[in-house]
Each structure stands twice: as C-alpha cells, then as structure tokens.
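Should a chain be cited, it is by its letter among A, B, C and D, assigned in written order, with residues numbered from 1 in that chain.
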Amino acid sequence: MNKVYHTLKTIFLLGWSIFVVFPFLWALTTSFKDANAITSGATYIPWVDFEPSSQGWTSLFTTGSQGINIIGPFIDSAVVTLIASLVSLILGTLAAYGLSRFEYRLGFVKNSDITFFFISQRIMPPIVLAIPFFLMLKELGALDTIFGLVLVYIALLLPIAVWVMTDFFSGIPKELDEMAMTDGCSPIGAFFRVILPNSVPGLVVAGMFCLIFGWNDFFFAFTLTFTETQLLPVSIVSLNSSVTPWWSLSAFALISVAPLACVAVIVERYMSRGTMSGAIR
Amino acid sequence: MIKIKKFIGPASALALAVAAASPAMAKDYSQFGIEKDLPGTCSYEAIDAKDYSGRSLNVITHAIPVIGEPTALHAEQFAELTGAEVNVVHVPFGDLFQRIMIPFQSEQNAYDVLFYASLWIGDFNRFLEPVPQKYLDSTGMADVTDSFTGVATWNGQMIQYPMDGDRHYLKYRTDIFDNADVQAKFLADTGSELVVPETWEDYNKVAAYFNDSDWDGDGELNYGSAEVAKRDDLMFSAFISRAAPYAKHPNVKGGFFFDLETMEPLINSPGFVRGLKLFVDAQKSFPPGGNNFGLGDEIFSFGGGQTLMSYSWDDAYVQANGADSRIRNMVAAAPLPGAGEVWNRDTGKWDTFATPNRAPYMTWGWSSAVSSMSEEQDMAFDFLCFFSNEANAQHDLQIGRFGVNPYRDEHLDVDFWKGLGWEDKTANSYVSTLSNMEKSQNRVFDLRVPGVSQFMSSMANGVAEAMSGQKSAQEALDGVAKEWAEITDRIGKDRLREAYANVVKLEDNEG
Amino acid sequence: MLSSKHFFLLPALLTLVAIILFPLLFTVRVSFSSWDVFQSGLDFIGGSNYVRVFEDQRFWQSLQRLSLLSIISVSLQYTLGFALALAVWKQVRGGRLMRVLFLIPMMTTPVVMSVIWRTVFHESLGPVNDILSAFGVGPVPWLSSATGAFISVLIVEVWQWTPFMFLLLLAGLVSLPKEPYLAAAIDGAGTWRTFWQVTFPLMAPITIGALIIRLIEASKIMDTVYVLTSGGPGTATETSSYYIYIRGLRDFQIGYSAALSLVYLVIMIISLTIIAKLLLRMLVGKDE
Amino acid sequence: MLQIDHLTTADAKVTLDDVSFVFEAGKIYTILGRTGAGKTELLRALMGLNPLTVGTVKLDEEDITERPIRARNMSLVYQQFINYPHLSVLDNVAFPLRRQGKDKAEAHALAGQMLTTVGLGEFLQRRPAQLSGGQQQRVALARAMVKQSRILMLDEPLANLDYKLREQLREEFPRLVADNVESVILYTTTEPREAMELGNTMIVMHDGRVIASGAPADLFAHPPTKDTASVISDPPISFISGFVRDNCLYFSEGHLAPSEGLLLPADGPVTIALRPDAIEPDGAFNAQIGLSEFSGSQTIIHLDFDFGRAIMMVDGIEAFTAGNDISVSIRSEHIMLFAPDGGNITLRNNQNG
C-alpha cells in the first residue's frame, strides 16, 4: 500500500514537473530556430533536427529595424514595478495594520466594508478603466510617463498588499502591540518598532504578489503609453505582427521570466521555513 | 519601441548644411542598404539637405516586421540624414485602431505620423492633415496607380499618403498544376482538366482533391487551401474575396455592402450567402487548425510549402519566392476565382455568366497619414515622402516580410521582379494579375465608413458562427444584417451614406 | 488614538480613492452616453445602453462561458495545487528544487506565455500534435474546435495559476499545528482519514481565501484568450472581459462598453459575495 | 495607591459593571474569577485598552483615566507567553528601559540583572522562540518588572504552563516580586488555591462585578454569598435548596440535615452549600454514585441524593462504581447557608447548640 502510494506520488510529481517545464523547453529550442526550421514541422534538437540560428536572441538586443532592444523596456519595467510595488506595500501595510487593529466607522461603513472596498478593486477588468485612466493621466500630463504608470499600478497593487497584509496582521496577536504600548511605545511606535520587524514573511509574500502582478501587466502598460515609456510586455507584442517571429518571442519569454524566477527562490526559502504561518490566510 | 537618437553637434550640422548648399555631386547612400539613391522629390540627397536636429517625431506603426520593420528602418535613416529624433512604437494589428483613436478623440497629440489600415479612413478622416500640394506634385505621387490614389482620397482630398498597395489574388503551386502526370491523374480521377480555378466552386473542388496527401513527396502530409479564417484576424477580407464575385454584379450600381439609397445592408443577400457556404465547405481542405489561421499562419502554411493554394496579399507570394525558400519559383499568381452565377439585386435573380464574373478585391492595404494635431507636420510629411521615395519603395518591395506591395505603375514591371531571381512564369503571372486588377471595371473596395470595425467584427463574428457550425450560412448572415442595421441606426444613416458614397464612386468607376 | 488610527488607514484609502474615483464615476457617466467611434462627446441618451445590454445575447452567453471556465479552472487549480502541496510537503529529496519549479509558471507574463502556448498547440507545426501523432493520436484540433479551444485555455490557465494555489496551500500546511496529527495518529486514523478529518478542516480558512482570490482573478481572464484563441472558434472561448474589450476597444463603442462593464461589475460583486458566504458556510460552518 | 471608581465598560463580550476598589502599593492582589468573570477586562480597563463608559482611574490621587497607555506606567504579563519575537531575550527585557530613554548600556545592564534574578542569566542572546514555555514566561515577567512600574499586572500568567512548571513558578513568585515594593501588583487567576496562596488580598469577580474581597483565609471560611463560595471552592461546592423549620435544617421534606454547631436563620427557605469535604463515606445518608474522577491524589465522586446532587471528595485514589449505592455522612461544620437567592442571610444562635 505504502509502496503504491509512493510510486503514484513520484509519478505525479514527475508528470507535473514535465508539464511545468515543457513550454520553457519548447521556447528554448524554438528560440534557436529560423523561419525554415519552423515551417518544416515540430523539431526539437538543434543540429540534429534543425540548423540553429541565434537570430531570436540577437534581435532582442539589436537597436533599429532588425529587432527590438529590450534593455530600455527592461529598465522601465523594473523601475515602474519596483516603485509601484514599494509604494503599494508601504501604504497597503499601514492600511492593513489599521484595519486589523482599530475600528473605523463612517456611517454604515465598517472595517469589513473598507477591506472589501480595497479587494473589490481587483474585480474590475482592466478594460473598464482603460479610457478613464487615459483621460485622467492626460489631465495630469502623465500619459506616456513612468509616473503615470506608477500611479495606475498603485491602484492595481494596493488591494493585493492590503489583502495579504490584513490576513497576516490578523495572525499576529493584538497583545504584542499592547505590550509594546505598555512598554512605552505610541501606537505608531508600536507598529514600527515591534510589528513591522515581525512582518517580514508577510511583506515577502505581499511584495512577491505586487511584483508579479506589476511586472506582468500588459493592458495598462499598453494603453497608457505612446513612445517614451515602454514596458517589457508591450515591447514584446511589437513583435506580434501578422507574421509572428516565434524565435524572438521564445527568447523574450525566457528572458522576462528570469527576474521573477529569482523571486521564486526567495519565496521558497520563506515558505519552507514555515514562517509564513500568518502570512497567507 | 525603437528609439533612434542621433546626436549631431552644431559643427556637424553646419557641415551638413554646407554640404547641402554645395553644388550637387552624386553622393553615395549605399551604406543605408539601398542599391543607389534614385532621383525624386524626397530622394536621399534631398532629405540629406534638411536639418531637423533638435526636433522629434513620434510614429505609430504596426508590429515588426510587417510595415513595422520598414518603418523602423526608414525612421533610422531619416534620423541619421536630418538629425531629428524619431520615436517609433509598434502595435499589434488588433489594437492599432484604438491606440490611434483614443488620443484622437481625447485630443491628445500623441503621434505625428500614423501607419494603419487604409480602410479606417472613414473613422480617421476628421483627424488627418490633407497632403500639401507640394507633395501631391512630387515625383513619387505622380506614379501611384489610380486605385491607390482613390484609396487615399476622401471627399476629393488626399489625406492619406500612399505607401502600399494591397489586394487579394490567388496563389498556387505551379509544380503541381503544371505537372503532366498530376494533370493526367486528376483528369482520370475527376473527369475534368486540372486548371487554375476559375470559380470558387472549382477552387474548393481542386483543394479537396489535393487535401491530405503528400503530393510534394517530402514525407509530410500536404493540404488543399490555406486561408485566413481566424475571427479577429483578417478573416473578413477572406470572406469578402470569396463572396464578391457572387454578390458584385458588374451591371448593378449603387453599392456592394449597402444599397446606397436606402442604406439597407445587403450582407445577407443570396450572393453573400453563397460565398459563405463555399467558405464553410472549404474548411475540409484546410490544414489542421486551419480554421483558426491568422494571416501569419497562412503565410507560414503556404509560404512554407504545406498547401496547394491560397489567396491573400503579396506577403506569402514574395516569401514563397524568396531566395531561401524551398518552393522558390514553384508559385504563380492568378486572379481570384470568379462566379458563374451572380446575384442581381435589381431583378432579384441569379444571372448566369459564360465567362466567370470576377470582382477583384482591393482590400485593406496599409496607408500612412499625418495627424492634424501634430506640431511637426512639415517634418512628418517629409518623413512619409522619404519613406516612399523611389529607392526605398524598390528596396521594400523586395522583402516579403515588410508587407510593402506594388502601388505605383513602375512597380508593375516584369523586369524588376525578374531581377530578384524570379522566373518567367512567377514574375509574369504576378505582374499581369496585378495590372489586370487595376484595369478591372468591377472592383470591390473596403467599407470605408465610420465604424468600419463594428461592421467588420460583426460580420466576422457571423461568419465564424457559420464556420464553426453554430448557425447555417443564411441564419448567420441574417444575424449580421440585423446587427448592421442597428449599427447603421446608431451611427446615423446620413452620416454613413455620405461616407459610403465615396466608396461606391470608386466601385462604380466614377471616381 | 484618533489621529494614529487614521495615520494607518487614510494614506492608502485616500490614494486609492483618488486614483479610482474619477475613472469609476466617469465610467458611470459614459455609460449613459452614446460615445462611439464617430462621436466622443458626453451626450445623454438615458438608459438605452443598459436596455441594449439586457438584450445582448452574446454578452450573457459570454458570462455563462466565463462562469464555466473559471469554476472549472479554479477547481482544477485548487485540487492539483493541494495535491502538489501535499506531495512535496514532506518531500526531502529534490523538494526545494521542485518547490521553486512549481512556483515559476505563476511568475511568467500571461501575454508572453500564451504566445508560447499558441506555438505549442499549433496543430500542424506544434510539438503536442507531433508527439501525439507518434502514438497514433490526432491531429487534435486544439485551437480550431470549440471543445479543443476551451480545453487549451483551461490547460494554460491551470499551468499558470496552479502555482498560486500550491504556494498558499503549502505555506498553510507548513505552519499547521502538530497536536491534531498526534491525536489522529493515536486514534489510528489512516492517511486518507487524517486528511479529511484533520488537514482539510484546518486548511479551511486558507482554502476560502485562496478560492475567492483566484475566482476574482480568473474572472478577469483576458490575456490568455486574447493571444491564444481571440475568443474563437466562433465565440467558443469568448469571456465577458474579452467581449467587453471587443466592444470597447475594437469596435470603439465606449458608451456601450461602459454599460457592459458596470453590469458585469455588479454581477461579479454580487456573485462573488454569495460564493464567499457559501464557501464559509460549507467549509467552516458559520457566517462572516 | 491606585483607586478605581465605578469602572463600567460596554461593547464587549464581557463588560465591567460598576467596579470600584482601592489598591495599595507593595501588596499583591489576586483577582479570582471564572473565565468570563471580567478579570482580564478589568486589567485592560486599567491600562486604557478597553474604553470606559463610566468611571475613573486615579493613581496617587491623580486622574489618569484619559492617559494613553504608554504614559500610565503599568506593565502586564499575558497568559500566552508573549515576547517580542524579533528581539533577543536581553533586548526584550531592555526594550521598556530603552523606551524610557535609558541608554543601551544601562538598559542592558539592568535587564541582565533582572534576567539573572528570574534565572535566565545564561540565555541572554537567545530568541524567545528558542526557550521553553516556562522560560518564556520568565522573560515576560522580567520585562514587566524591570521598569519598576507603579502597577504590575499579571493576567493568568501560569495558566498555559504544565503542572510542574506552574507549581515551581508559583512557589518562586513571591520572591521574584519581593523587590517591587513601590508597585501595586494585580494577579488574576481562575484557581482558588493560587489566589489564596499568593494574594495579600483576594478579590472575587463574577459577571463583571467585584462580589467579595478581603484576606484569602477569611473569604474562604466565610464567603459572603453563594457566588463567592462557588468561585472560591475547588473542587466545586454543591448547593441544595433546603429550608429551616422549627430551628431545624432540612434538605427537603423528611431529610433532616446535620446542623450541630451551626448558626441557623429564621424559618423559611435557605440555600445549603456543601463543601466537598463535608461528605464522607459511611453514614446515615444514602446516595447513588454518579461520575467519579481523580484530581491529583484525591478522588471526586458525584452523588445523587434523594434531595439533590452533591460532590464528595476523598483522599487517595479509590474506585467507585457508577450506579452503586453508597452511604455517606455529612459534617455540619462544612455546611454554609445562604439566602434562597444566593445572598447573605442573617443567622441566629442555634438554640440547640
């Protein structure tokens, strides 16, 4: 029985690993193909199945008509994502702490309604907001700027930060703050001196989600910029012409995954230590 | 985005100015990838003489490579020649319209120069700057064919800058059609001669015969027909090509999509329904996944040698005959198949034609324009004029993935194409097919009216429903007609009629 | 106390309201106008856009399709994510590598990965049909049949978002208290019973949170459909947000798409609230 | 001196109802009450964590009702072992000193001393999570005491410890707090023994009110009300509704209760309280054995009499079979009498005794 169970488990894990890796492997081999290698049907191994070409990779670092230079967009993407994530994390953490510790009341609006208001922002499909955001940023003179995108991304990411951190704080006993206050801290001091240092796991998770959703957003980056500011997902679709260069897209996919794969390593470390206890609930 | 920034200090700018002022001495511009500069209003030499340093030009264009790559290339050259900063943004086709329209409607001066599908003229005309006289008089403009001058014109004024000429025609494999063994076998099997299809019924028949067999002997299965059938791609074009000969009666005037007088949609008339039935029927000869092919898939499929026939723009043709192609010079062009019976909406009857009725579809085509909000209009027009100058046009025509196709009389020159290594049949059939379309008196143009995307996406949706078997052809098109009537009401009949009259004028050869 | 409690909440609340208020009110206003491709003014046409929404079969069908798609995909993600989390929970050998690996799909950009998936599912040039043909299967119409396209979208969604469930559930498992397991072991409960009687109930709060958040995100599915199938074939994979996108940005019917959006929003908020309540009652046996 | 007047709270599961008391410095007050009696709420109200609807808190005649927590000079040890997880043991204890503005060296020195006092001198650099439960609670105690606050509150500090540790820490407790002569020490507990052992004064709470207070021994011997008696007794005291007639005490009609040496009230109904040690095996009363359980080295037996139920406690572990009959005697010196509503009742001299 136990043996059967173990075999099944191994098969399951192995199968899933293959499923996860498969598109990446396919992208890897495709990134070394050219048009001829692609139109002749599915092939897998360079030199054996097809003659490799480096065109997919070089086109990502070439400026001019032969490719898209992704270095600029890479930096823009990183800057926008990092700033927006940081601001969202700071504001979201403060708000989540407030919501988990104090009672707010405004007419019939209570804490749970405020939390719901935050989270409900995620329900809205981006398309709803495209035109209004465009007009708003136009009035602010913030179209096609990093600032404008950061502003919009904050609205996207703040709810995530509030969600994760509210859950996290509700897992930290209130007594900890009270103790800090009896020990001479103001409520704000208690937060910074005691709660915050104990919130690293929550902050890691919230930060991770902010980075993921910020880095991967396509729609707003696409609608709210013209030529000056260009984020990574948008620069890749500039290759999505009526003739799709499979090779460049594949190389690009692999590159764009790299930064967040590092995040995965960090997250895994916290996860296996079990310190995320309250971080996600 | 491709950002081209060229820093030309004051000293070199001065040097350029001096060079420009000094008496002409043919300079060598071959470092820009062209063979040689050709004389003309906006030749390399003429543009080299201009100094736009310190100014910048924002350009929106299609994704790389189709149109996107030549845009980036010529932007790079333009920047180098004039010292201007040229910012180019590339957008996938599906979103190009909204990316241009949102700034237009909200009066945001986002782009100076726009490259887009010419049929959007109905929506964009209010926001475009008419081409100044100076450019109308340019050498390049004089040679543009009548069709494409017409495409660029709105209410008698040229507001788009012609830089591409697009139309649908048939592409087929000569190694099969001209193969005596195959011909004999075809005759034996079907009882009829193997000829290039004259009607869409023939096309479907031939496609079905050759489907699912390895007729090129490479060990992989081959298929009958590759068509653009993906709903949100350019499927609407494919459908119109197929329906046009059945619905466009050479003797009936006054509108193809609508009755110009009443603005009643004609999209569910028997001609269109016949076309749709044949389109649905053709699916059985598609390669696997063929009913979800976008243009790119179609080009890969036919251009890669997988299918026997295809019809769309020149891209697949040029690619199939490119230097590194496996099927180079095994491909020829022919007019789109026609129809033996044509619906006559005046009499309400099918008229029979001894020679199949042809209705060449001058579909879509890329065009360019300058925004009327632009503060850099002089530079913008110079850029467009440079983009399509004689040397650049010749260069771009040769590269299939650029998507630039013949739009000047001089491009319809067999020797030019032979110069690229095309053999007689490949070059001759191409040039004659294109020239004959220019001469046709029964051409169909795109529905160039406000809200064209709504009409086309409604139509594509109906066609897709029929293709997937959700509805019959008649039901699907009845649904489309109903939606078209609603759209017409929303936009306003008079506004539409006014715009549509421009198209009908071209179709009825009055333009 | 008064000032400090506002110190915490107000910055975020005001920031969000400031960013979101205008777009929201604007959308409401636009939904009563005829803003279209030919006219961009804010005229007033009463509720006729809303009347049109209620008669729009395509919209309601897209909503049904969306419900089906998101419920199936989220259930699959949850089941698989839980199974994976349980499988690697106590896995020592290769455990870390697998955990990192299992997280990665979540980190990828949907719009980019969907392009890759499109090539994977390509019916004549892609590897899946090629491999299947080696077993004498196929060619499978992955993207060109209604069922195939629906399943393809499902596969991509499951690939991309199972890691999310995996992360939340594994983090939950790792921090479970040990006592109930001792008790179960003393009672002689087997693996199966321990799971249903100890693990599953203890994980209920995490389960609810994860399901709700995933449902919210899944209901917005857009990038995958946009790249993979464009809602086709026919309208087989056209979800609500993609339909709103077609109406709004492809057709440029801004007024009508605003009305669609708001109706959609109200429906989503109501149904998600109901689902949340139901889940709470089912899994925890209480309200709130 | 800490004086509270009419403390009343609202808006919580357990509310305080008009609690007044005067606490003196240097004394240990044990607050005894069942879970939900309002002990924790009282402490929280003192700290300013639970908003008051009515009432004042005065420290040395000064009204501190509206003062923020941090300015009240109080400290609190929680039932859960709560320390700052991110700080070392030493920094945990130094934390309040640092907040008082002491420099790092001084704070560390004082904290180190205090930790040595509580027996954790070797663990200064550990994190709290690396200590046992008892040690964690010692850290918490050290942190609470180190700042020499005027009011030191301990909220069931031993409740979550296992039996042995609890005994050990309870024994040590008086020594540990002996230095805090300036402080009012409040110690809540649910265990009568603990309250009686540790407290100079015992305060009994029930339903959000103080129902009795005084020296532990007095209160134990003469609880003023039925509720007090009930809270103080462990194992639980049994109550039987009886009556007095003709100067005789009856459990019920036909069941005369022993009353030698008891003062009895006037004729009428009365609540008879039987301490567990009032009943002993063998005697004139017959009962049926219900549940029996062991508590330490004693056995507690639930008995069903004809006139009601009561609990008997015997030394040693003995097996009593449920359902069997047993005869017991009831000793009158362990009987207490209350009014039928549980209140105090006026007693007269027993003419028999």
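The rule we apply is simple: a contact is a pair of C-beta atoms (placed from the backbone, for glycine too) under 8 Å apart; a residue touches a chain by one contact, two chains touch by 3 or more.
Model, not experiment: these values are computed from the prediction.
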{"item": "If a chain touches subunit A and subunit B alike, it appears here", "value": "C"}
Remaining chains grouped by touching, subunit A not included: B, C | D
{"item": "Most widely separated chain from subunit B, with each centre as the mean of CA atoms", "value": "D"}
{"item": "Top chain pair, ranked by number of contacting C-beta pairs", "value": "A-C"}
{"item": "Distance from subunit C to subunit A - Cα centre to Cα centre, in angstrom", "value": "15"}
{"item": "Distance between the centres, which are taken as Cα means, of subunit C and subunit B, whole angstrom", "value": "38"}
{"item": "Mean-CA-position distance for subunit D and subunit C (Å)", "value": "54"}
{"item": "Per-residue multi-chain contacts in subunit B, two or more chains", "value": "95, 98, 106, 233, 300-301, 306"}
{"item": "Contacts with 2+ other chains: residues of subunit D", "value": "68"}
{"item": "Per-residue overlap in subunit A, given as positions that touch at least 2 other chains", "value": "38-39, 41, 130-131, 135, 186, 237, 240, 244"}
{"item": "Chain pairs in mutual contact under the definition given at the outset", "value": "A-B, A-C, A-D, B-C"}
{"item": "Of subunit A, residues touching subunit C in the complex", "value": "5, 9, 12-13, 16-17, 19-23, 26-27, 30, 38-39, 41-42, 44, 91-92, 94-95, 97-99, 101-102, 104, 114, 117-133, 135-136, 151-152, 154-155, 158-159, 162-163, 167, 186-188, 191, 205, 212, 215-216, 218-219, 232-233, 236-237, 240, 244, 246, 249-250, 252-253, 256-257, 260-261, 263-265, 267-268, 271-281"}
{"item": "In the complex with subunit A, residue positions of subunit C that touch it", "value": "1, 4-9, 11-13, 15-16, 19-20, 22-24, 26-27, 30, 80, 83-84, 87-88, 91, 95-96, 98-113, 115-117, 119-120, 124-127, 129-131, 159, 167-168, 170-172, 174-175, 191, 205-206, 209, 213, 216-217, 219-220, 222-223, 227, 240-241, 244-245, 248-249, 254, 257-258, 261-262, 264-265, 268-269, 272"}
{"item": "Interfacial residue positions of subunit A with respect to subunit B in the complex", "value": "35-36, 38-41, 63-69, 72-73, 130-131, 134-135, 138, 143-144, 222-223, 225-228, 230, 235, 237-245"}
{"item": "List of subunit B residues in touch with subunit A within their complex", "value": "1-4, 58-60, 62-66, 68-73, 75-76, 87-93, 95, 98-99, 102-103, 106, 108, 110-111, 220, 233-234, 294-296, 299-301, 303-306, 315, 324, 326, 401, 403"}
{"item": "Touching residues on subunit D, where the partner in the complex is subunit A", "value": "47, 49, 68-70, 72, 74-76, 78, 80, 82, 84-86, 95-96, 99-100, 143, 147"}
